[in-house]
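Quick heads-up: structures coming right below.
Shared between the two complexes below is chain A, which pairs with chain B and chain C, respectively.
The block that comes next holds the complex of A and B.
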């Protein structure tokens, strides 16, 4: 692999050097059933092309991840996990790091080559940062809403298997700590964690969907209904501040992004 | 003072402590004494309730006791939850290096034994989560400072300055964070 390929890999299309041939969309079930991180390029392309609206096509995987990362950071709820996108990028990072290692140990490379290798490494670190922050943001929310997640199948469907396991583990861990530190010493009738007394907010933390978010319309959006009954129709490029619940569906369809 | 005391006063103190901890951004010492006192109050309340129920008289006091119990319990749980959140933040802030937290004596004295257990289990849980991301587990490391014998999955390794080892990343990650080892 030569260096020019390395330099431009994050700004061009995905996985390896050759532009992937575009295929007709695969059935949804087939795409869902391929969690293999080493899957081929064309499949990856089809997946992204089909998943969001058509203007994803101009975006590189990194730009897509940055968008999902921003959405994730601003949304109060847990958004669908971008498993394929993420594993594609991770896979690419791994191969780039390997290539850099080989090039670095090559004694015939010139001073200028080393400088370019350094740039590639910096770029890899930058991508790693975003990947890490994305995963970490999700993890933070998962821990915060662990109890709610374990009882809600809808949220679970938006998470990866590992994340679900972590949520379950975390909910158990928290309960265990409560039990050891407090509940164990209380009289028997007070030991439960599932009571819901009147006039007291629920003990389970729920995502606050009324939280205000800034949305930026990526395409012309269909009208959405605001809490006061009026409708809001956003044109492409429009930015507005609304409760998250109002734009939830638009975010899910990728028509708006949170900023 | 004791004349004017009412149910829930202690719980307020506990919650105030959490609030102070947030405002000053510090972890305060685990207030074992206060927690115990509140638990004692809970037991007393339960007894009072029980005697009321036994006498079969419908009394408004029942409602007061019940409210106090619910409130105290909520405050106790909130206090512990708040501490757990802080501990997790701390854990991440120091790069997931659990030994780093636990070997810090002034910090450790602020934790209750259950909280130490909690951190250990949380560490194990996080490690399991992270393991799913890294497929190449082995790392060549260079020892920068002596750090004694470390038990890894491959058996005990005595890390001496200047030596190089091929080790599992999960086993020694915290040592890299603390600056004992360096990736080659």
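The block that comes next holds the complex of A and C.
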């Protein structure tokens, strides 16, 4: 770490050529007899190891979630649920909150500790906001496309078990409501909620995959076919406005992100 | 409702600012702090006056409590922006700027204008840049068709600004291209 080098360089100069041995966190650890809870533990090392995998390209879990959150916000369709990523982050939030609780109840904590607690709490709130917004975005789409989801196994495979349950319940509830309030007084042939008459949009709300999205290529992408018959090959960093259907596969593989 | 109406069509500028605030900036701390593990990674230790890299949101927090100076990124100075503005006004394509320059510049001008050289001039330059680029993206509407529009070097805030209009325009163009057969069938 060059920062550390800078640091020792500075200490050396100030202390007249005596490189002071640096023992980060040692006083804090002694005072509490247990290791400093905010010290970067094994978790962080696991992440740094994970960073090498091709898919995530050096992203931390939080950065991945932010990317998936933005994809979800911009894509007209429901994207695959990020269950492991989400539960990993939720676990981490819980661990950080627990640590904060322990430190707060510790009367011997110093002012510096309080300051760190404040920063850690600020971050917890930021991450919570993103998690919440991500889940709410999915919930919104699930309620909007509930009927479509119940009949389409492909979408169901992209959702978690609870999300599927919610979709089914929502679809049943609205169906019952429509039937109770209007449909039962109509003649039987007109009671259907899943008609697809010609030349009119289907009654069931479908995701509009022709809606345009802004894509940003994270890597060099294989060529994709555009609606006008030509092909588009995006280099890394390329930004383009194109219908969602064109880049659907690239989004699923994480080669592009929606911005 | 699960997602408020205002958030359904587009992302809001504060949300973009939240995302941009995850980026790292260099600070000169005025307080010391041990290395601390956060959800986004471990930062520190802070040892004044050694420079350290921390996320922008944390730097903002420290700055507001007068516990650090923020080192502006190398693109946020008068010379660089002046050169970019000259290029912007003389050449047809968008000049290269960091993807989230607008958000970062706004945060820094808001909380750390005393760490920047000549913040008023910077504001003017950023505004001029914005207007020059805005005019170009409007011209880009000319080239819009139903399949693809390349927008190299457009920044995240600018994309967000043109999104509603461009997405709808493309939607209408798609309909015009896709519908003729259905339209014929209707009239016949």
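As a working rule, the second predicted complex is superposed on the first by the 195 of 259 C-alpha atoms of A that agree within 3 Å, B and C clash if a C-alpha of one lies under 4 Å from a C-alpha of the other, contacts with A are read in each partner's own complex, and residues count from 1 in each chain.
The rule we apply is simple: a contact is a pair of C-beta atoms (placed from the backbone, for glycine too) under 8 Å apart; a residue touches a chain by one contact, two chains touch by 3 or more.
All values derive from a computational prediction rather than experimental measurement.
In the superposition on chain A, contact of A:177 is made with chain B only, not with chain C. Residue contacts after overlaying the shared chain place A:73 against chain C, while chain B stays out of touching range. Touch criterion not met for A:109: it reaches neither chain B nor chain C. Contacts of A:203 after superposition: chain B is touched, whereas chain C is not reached. In the superposition on chain A, A:139 makes contact with both chain B and chain C. Applying the stated contact rule after C-alpha superposition, one finds that A:227 touches chain C and leaves chain B untouched.
By the touch criterion defined above, A:119 lies against chain C but remains apart from chain B after alignment on the C-alpha atoms of chain A.
Note on chain A: of its two partners chain C and chain B, the one contacting more of its residues is C.
Contacts of A:150 after superposition on the shared chain: neither chain B nor chain C is touched. Shared interface residues of chain A (contacting chain B in one complex, chain C in the other): 136, 139, 143.
Remark: chain C residues 1-3, 7-8, 11, 15, 18-19, 21-22, 31-42, 45, 47, 49-53, 57-58, 61, 99, 144-154, 156, 159, 163, 166-167, 170-171, 174, 177-178, 182, 185-186 touch chain A in the complex. On the side of chain A, the complex with chain C involves touching residues 3, 6-7, 10, 24-25, 28, 36, 38-41, 43-44, 47, 60-63, 66, 70, 73-74, 89, 92-93, 96, 112, 115-116, 119-120, 122-124, 126-127, 129-130, 133, 136-137, 139-140, 143, 199, 210-214, 216, 226-228, 230, 232, 238-243, 246, 259.
Listed in rising order, the residues of chain A touching chain B in the complex are 37, 90, 94, 135-136, 139, 143, 162-163, 165-166, 169-170, 173-174, 176-178, 180-182, 185-187, 189-190, 195, 197, 200, 203.
Listed in rising order, the residues of chain B touching chain A in the complex are 35-36, 39, 42-43, 46, 66, 69-70, 73-74, 76-77, 80-81, 84, 88, 92, 112, 114-115, 117-118, 121-122, 125, 128-129, 132-133, 135-136.
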